Structure formats: structure tokens, C-alpha cells
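Accompanying notes for the structure given below.
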């Protein structure tokens, strides 16, 4: 078996080197940047040690952004899990057109983000959109609703749009988990008189847990890093109401021309996420199938 | 064909030692069966011979060649898996020919050998089917065909019949026996089913907790077990074990008293007369040796608390479900009914004695 | 390194004459009239005055246009120190925030496009914009006679100022030959008979910066410019007293780049309109923000 | 398994809800793109378009060379998919099936790749690409897309490999197949559905990427669809008709591709390995 160890490294090396160059090295660069005071890309910067870190950590806008990132991740996780689970359970059933539904539920995920942004900016807009007039005709509201007008409605709307885009992909991942649950378990439960809810609670949920666990970890990391939907719709507004950490990083770097400060924030965000990912993946490994 | 020799093999998974020093030999062309309760290490031993598990220490040699650390493919062996392990995406012909392709054999040559093996196993008109289009029995035969085609020195079978239904199992058992006769190949066969062991084996290796309990021919193990474990394992239903005491010695036989069956003075000839006659012993007698209506001086009456009628024969249980139950084999037409008693004869020649440590006396 | 102004854009107040006549009001001159008009025109779902409140350049421009008409033209003192925090600025913000009540609910996410869409769909009675001519003509009724344009009302109706950009092209090159070529190209561009065609890439938006350009036949010959001649003449007149934040008596201070890039003028408005701060608090915080960003 | 009436009703309701949630927005967009501007922004919008015009599409293809963006997007997405698979399959096989020191640690660090805010990678990567002259060239986008698709692809392939029974691999070992042949002749064919799913995942990730494409690509001729599309959004005036037409044209190609291979994507996910 000795030679397979060498071969294993040969097989793994290309992927690892590639990731090291494209992600690993930039992170090292970011750390380097965070220890200097570089204002613009390419400009020289003197070594300033941890000044950036103390300034960022004492700046309330960092903590606001961190808090909004947590709100963003949790809200997305909850909404996406609910929507995805409902879809996965439905698609796991047999009904006419289920195969078509399984293929086309993913529509919102395969469309470019920019298109998703334009679709919803138009639908939600007060002049020319579709949703406000329908709400008015239905008598739910008198005047058009400013979905992006206040910090909380903006955040809620952004979470809705982001979840609208991502839930089908998560649903198919869950469906993959569901189809691995053998049918005879459900038949046995049905014979034992378990109703739909009990079958879900006692069979589906526990056996789906490993898949959900992994999706939670990866979902959180992907969701935390969502930037384009927020930036293109509200660019962190109104009044910083949706300025999550990625948005703060982009603004500080490309609008505030404070590159090192942006790098500092991103290093801190990375550490936060890495800690979460380390703990979560270790917890998952214990429950891993093989 | 070649002989196989294992000497002082050890293997442990993490902290637990699974194979604790096994040595045995299989002559060329011999059909050796590894048998034993689940978890005794028989499959691990087979996988060590195959090279799928590394041996911690000890040596494996095939045809005189030390293959302990050789790659599986270069050991001159072929293996038939319990789950057949056929390649789902390849046809029967490709499955059977894959080994030869790996050995670099040219396509026409390969096809000839595959066709030969297929004929032997009457698989010729399934050659271009996919495994999922075949029945369990057919798939098993393809797995065997894949082994035959490699013309190995040693065949390895890992409980190949356990996934088949009873009737097919008997049929396949006879086919494997015929195969062994036709090929004259050395075969190592792992099973937990001692009927397969008794019917197929030239030599049986009884294993327990990683150690060899006894090696011998089927009849040897059946009629001359070395210890209580082998005596209890070989033969179905299990041998009866009853506590007894020794009252004396008379012309080479021990006089045994069995209070539980109010039997006394039973003259049992030990395999070797011990220096000092032990006070207490365990008497072993097979259900089929408790014959109904036999004359002989030694008779016992058994209470019938359960009876299993198999047609040709019936089995009487004095305490069904309890390990210490006495089982007796009666004629199929026996009229005994539950809660009646029956008197059966005890043939001293068919009795065995075991000391407190379970060793045969 | 050269910077040559090529075209000018100035903000004005756009409305439909018919809508104002129907409401029985004139184009507002003073802030008071402006607010009254906005209130009167806010009927059956229409927003009387479409004002943005987004942390974005468009809002910087509209707020500044109100500031220049409320005596708060300068953000810097002569010596470059900030004088953003003063009563006139606070007054301008108070008025803007009050007027914003008559704007659509999603004005906090507006850029120029939304304002024009609101005006052409008649959802907004009045908007402040460089030019609505293009969208008005393609997406609305395109009735030149009904399209009204007026200078941005000033606090007491005195001289009307506005924000105006003399957009420039920058020529950066170490290579002499390239510099010569680009100089020749720019002067070719500013030739009256080419200048008109260049300006009318976006008819009604780009205004001439040269006197002869304003007279250039090629400028006025464009069908769109022809159709909206009256409105364009008004826009050119109003651009005379155009101002821009950060340019005190001709000198400019580099820190305006960071202030403008981070839209702090607009951000200050959002603290009032969205976070509910008082104008005075918001403007003081705004100046502090400018200080922080400027170093 | 037949379902009780109540469950059936719930099923129909949920299906209807999701058809509206997913389908309606797209219907509005596509139908909107054929309406005249006045009808699009009318204060009482129409479900079924009353007017019909192709002016938006005409303007779309005049104002921007959409076909070029489409071709660029296809090139980038296809090559990203191929490169991702070329890197992911061997790595996943090694990670899953071969025992080597540091396996657990390396595998976990790969997943940590998602811990970096993509923005933090943007700045240094731009510098790196500038140094090697990759800025404004499509390969730069391919490299970025693969970097972001690779970790998840390796994880997905790993779970598909778990679907292949261990005995099959052992049978191949007994047949004398060296490791690489086992990967090529046995494992890859068996997890082909899974590979299709991972391929589509990589394709869609590349197809929808916007932030890096908008920074790394400068010249119009090299723009991908998302960047080309965002270009026509325009700041000074919003022409909803043009945007809806642009959106529709951006949706059509990926829907067409998905119509061909979409079923494979889903069945790959759900079946995993050939049984």
C-alpha cells in the first residue's frame, strides 16, 4: 500500500496547489495588508503592527456590520431551511409532473445574480413595479410600500430575495439526503400507525440530520459571503441598515480608499468564520457516515 | 494448483487483536473451510490471505512462495465476494475478462477464456447482459466465473451463498463441489453455516476469537472433537452437555454417574485415560445418539416440553429455549405429544467426556 | 496633464404645466411655495415632489441644490477648514427632509433613473433632475408643450442657484505625440459644427460650455433639441450661477474626493429621514464624519 | 404509498405556492419585456400583456453586443467546469478512498476556503493577475470561478464516492487493477451521474458570477453576460423595458442548456452512484 500514499499526494496536489495560489496566498496578502497602512491598491505602506486592528475593533461600525452579518446569516438560514425542506418533502412524493418540478424548481439558482437583482428591483419599485399596485388593488395598502425604505424592511426584503435565489439548490441537496432514506422505514412506520407528522419527526428528521448539518455549515459560509445582491440593491443602505461585513469591506476599500482597514476587517471576518467552520466540521465528522 | 501455508499470523484493528496467532496448511487441490461463530476472525483471515488486509506478523506462502506482503493481484489467487462485487456498469463478459485485461492479455485470447468459463457455468447466453439484469444465482455464477478465468493457484470464497434463498443455496453448493472436482483447485471457503462446511470440506478449520480450535476432516470433527466448543459447534442440532461425576474406572472406561438423568455407572471410554480420574466431568451426547426404543442397559426418560416434526425425523426438547435443554432425535412418526415422557437408550460408545476446562478426556 | 471641460449639466425643477394648472398653482419660486405645491399635488397616490434620500451621488446633488438656494453654498472656509456645520446648512436639511415627506416611500433607494421613471409614469408631479427630456419623450407622452422646467426655488425667492458640473475630459500621458493628438481631437470636438453633434448624444442633458457652442447650428438642429428648444434655453440660462460643493472661490480641496466618494452629504440626510435625528444633530455628525474621512 | 386526502390537499397547496413563488416573477419579466414602455410602468399593471413590441430587444442588440457577452459567458463557464472536474475528481478520490497522513486536516482546510469573504480575495488576486498580465483576459475569470467551485465540488464528489460499495473497489484490486485504472475504469463510470451534477454546479457558479467579472474584465468585447447586462442598467435613466429584455435574454440560454442536462443534474444528485 506504500505506493498509494505517494499516489494519493499526486492526486491531491493539483487541487491543493491551485487553492493555495488562488485563495491561500491572497489571505496571506490580506494579513500583510492589515499590518500596514496602505490606502489604495499598489500604493506603498509602512508597517503599523496591530494599529488597524485596535482602530477597527473600537469602531462601532465594525460591530454593527458584524451584528448585521449574524442577522443576515441566521435569517437566511431559517427562511431557506423552511422553504427548502417544504420543497424537498414535496419533491420526494410521487405526483404527476414531479419530474418536471424537480428539474425546474432550480430556475432561480441558475439565473445570474445581476438578473435576480433587476427582476426584484423592478417588482418592488414604487414606480413601474408589479407588487405595489397589486397590493394596492388588493386593498392591503393605500400607498406604495417602500420595501427598501427603512433598515429593517430593506434587510427583510434582501433576505427574501437571497433566499428566493438559494432555496432551490438547498432543497435539491436535501432531496438527495431524503432519497437515501429507504422506503421500507416509512412502510414499517405506517403499519405502526404513525401519521405524516410522526413519520417526519421520527424518521425523516433524524435521518436527514447529517445532510442538514453539512448544509448548515457550508450554507452559513456561502451565505455570509453574499455581497453582490446586497450591494446592487441597497449598497448597504438605507443608513447602513444592510451594511454587512462584506459590504463594509468593499466600501472601506473601494469607496473609502482605506485598503488596509478593509483587509483588517476581512481578516477578522475570516477568523470568525474559520473558528465557526472548524468547530462545526469537527462536530459533523463525529456524525459522518463513513 | 498450489498449496497454502499460514504460520503464526497476527492481526489487530486498533487496540483489539482479531487474529491471535493462526497457523495452518492447505494441500494443493484441497477444499478447506474456515468456520466459526460471527466475529471469530474467519473473514479477516481470508482477507489477509487475499491481501486486502495487511498481516501484522507471521507469514503467508502460496506454492512455496512467501506472499505475505505481495500485492493481491500478484498472489495467484482469486476471490468470490459475499455480495458478488460485480462491476454494475460492465457486461458479464467484461466483468469476467477484466482481470485478464489488467494482466495485459490480448482481447481474442481473453474472449476465448471467458467463453470457456461461461460454458462451464452455463452463462453463455448472458454474456452481454448487465449484472442488474441477472438473478442472484446467475450473478453468483458470474462472480465465480470471474475467479475461474484467472486460473488462480488458490480460490477464496467469502460466504458466497449467504445471500441466496435456501433452495438455490443447495443447488449452488453442489455446483461449487462439482467445480472443485473438475478444476482440482485449492479452495479456501469461509462460512458460518456448518452444513456447508460438513458437505464441501476436505478439511475444516474451526476458529474462535482469532484462534484455531481444531483442524480436521468433517467426520473427524464430528466424531472426535478436541474440546467442548468444537463438539457443540459441529453437528445440528447442538450436542447435549450434562454435568456428571466419575464413580470409578472399569477395564479402560470411566464409570459415569448422571444424577440429572438418574443414570449411574455408564462406562465411557475416554480418548486417553488421564493420570488421575477427575471427580466431575461433562457428559456429551448427540441428540441422534439418544435412540427411541433401544434395548441396551442404559435408558433415560425425558419429559417432552416441545417437539419439532421435520417429516423424516422429529426433535424433542425437555426445556425449550433454555441452554441446558436436552434434545433427542426421534423417528418422524413418533407419537409423543407435549407433556408426555419418552424413554430413550444411551449408547456409551457414542458418548464424550470433557473436563471442567472443556478439554476432551 | 490637461483637464478640458467638455459639457455642462445643471439641475432644474421639472413638472407638467397641465398638472400645475389643474391644481391652480404656478411654478414655485420660494421654498414656502415649493412645499405648498408639493402638498397640493400629492393627491390620489401621486407624490407631489420626487426627492431622493439614498446614500448616493444623486442625493448629494439634490441636497446641495437646496443648500445653495438656502445660503449654504460653501462647505470649506478659505483656509480649507470645514464650515459644513452652520445654521444655513441645518435650515436647508430641515426643509429638504420636510419636503421629502411628499416623495415615494422607496426614495431611500433612488438613483437618477428612478426619479425619471417616477416622473414619466406620472407617479411624481415634480422632480429635480439634470434633464428628463429623453425618458419623457420615449416613455411618457412626449408633449413638449406640457413639459415645464423652472429654476430650483430659493429660500426667499431671490437669485436662484443650482448645482452644475462642467464635466471635463482628462488627458494624462508622458508621450508628447499622444498629447498633441488628443489636443487636436479635443479642439476638433469643440468646433461649433462638431460640438453640437457630440452634445446631442444625450439630447437635452449635455449643455454647451462654450459661447459659440451655445449658438452652434449643429446643436440646435437636432430634432429632439428642436422639439424641446424652449426648455433647453431655460436650462442654459439657469446654468449661469451653477455651483459645486468643495469649490470655494475657485480653489478646491482634495479631501472633497473622499467626502463625495462616501456620499456624506447624502448620509447626513439619511440620519434625519431614516434614523430620525434632528437636522442640527445630523449636520454636526456629518461634519465630524467629513473630518474623519478627510485625514 | 397512497396519501390521505388531507395530505394531498396540502401537497397541492404547497406545489401551487412554489409555482407562484418561482414562476410568477419570471412570467412577469418575460411578458413585461414585450410590453410598450407605458404599459410596463402603468400604475395598474397587466398580467397578460395588452401591447406587443420588440423595440426593447432591438435596442438591446443595438445598445450592446449581447451575442459577444453570451459567447464569453459560455467559454468561461465551460472551461471552468472542465478545469473544476479535472482537479476535483482525483482529489475527491484520494481524499475519500486512499489513506494518507494529514487527510482529515487537508480535507477540512479545503472546506475552509469558503471562510474567506470573497472580497478579501479580490484585492490581492487583482494584483496577482495584473503582475502576470491576466487582467482583462477570460482565463482570469476561469481561475477565479474554479477556485470558488472547487471546494464544494470535492465535497459533493466525496458523498457520491460513498455510494460505491467498498467490495467493488476490492474486486478491482483483486483483479490487479492499479489505483489510477480503478479511478478511471471503475469509479468514474460508477459516479458519472454525480460528476454530471458537480459539472452543472461548477457551470452555474461560473455562469452567474458578477463581482469578480466586473472588476477583472475591462474591455467590452471580453465581458461576460452578467457584466454586460449590468452595463445596460445605466445610471442616468432606467429603461425597464430594456432591462426586462436583457434579463430575458440572460435567462434563455441557461434555461435552454438546463433543459438538456437539467434532469441529469437532479437524478445525479438523488441517485449518486450507479446501482
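Assorted remarks:
Labels for the chains are A, B, C and D, by order of writing; each one numbers its residues from 1.
In the analysis below, a residue touches a chain if its C-beta (ideal position, glycine included) is under 8 Å from a C-beta of that chain, and two chains touch if they have at least 3 such contacts.
Note that the structure is predicted; figures quoted are calculated from it, not measured.
Listed here as common contacts of chain A and chain D: C. For chain B, the chain whose average C-alpha position is most distant is C. Two chains share more touching C-beta pairs than any other pair, namely A-D. Put simply, the C-alpha centre of chain C and that of chain D have 42 angstrom between them. Averaging C-alpha coordinates per chain places the centre of chain B 57 Å away from that of chain D.
Centroids of chain B and chain C (each the mean of its C-alpha atoms) stand 96 Å apart. Among all residues of chain C, those that touch two or more other chains are 45, 114, 117, 121, 123. The multi-chain contact residues of chain D, meaning those touching 2 or more other chains, are 41, 43, 233, 240.
Residue positions of chain B in touch with at least two other chains are not found.
The full set of touching chain pairs reads A-C, A-D, B-D, C-D. Across the interface of their complex, chain A is touched by residues 1, 3-4, 7, 11, 14-15, 18, 21-23, 25-26, 28-29, 32, 40-41, 43-45, 86-88, 90-91, 93-96, 98-101, 103-104, 106, 108, 110-121, 123-128, 143-144, 146-147, 150-152, 154-155, 159, 162, 179-180, 183, 204, 207-208, 210-211, 225-227, 229-230, 233, 240, 243-244, 246-247, 250-251, 254-255, 258, 262-263, 265-266, 269-272 of chain D.
The residues of chain C lying in touch with chain A in their complex are 45, 53-56, 104-109, 114, 117-118, 121, 123-124, 258, 261-262, 267, 270-271, 274-275, 293.
Looking at the complex, you find that chain D touches chain B at residues 165, 167-168, 170-177, 181, 186, 189-190, 274-275.
Residues 50-52, 71-74, 77-79, 81-83, 85-89, 98-99, 102-103, 132, 146, 150 of chain B touch chain D in their complex.
Taken together, the chain A residues at the contact with chain C in this complex read 124-128, 136, 142-151, 154, 233-241, 251, 255-257.
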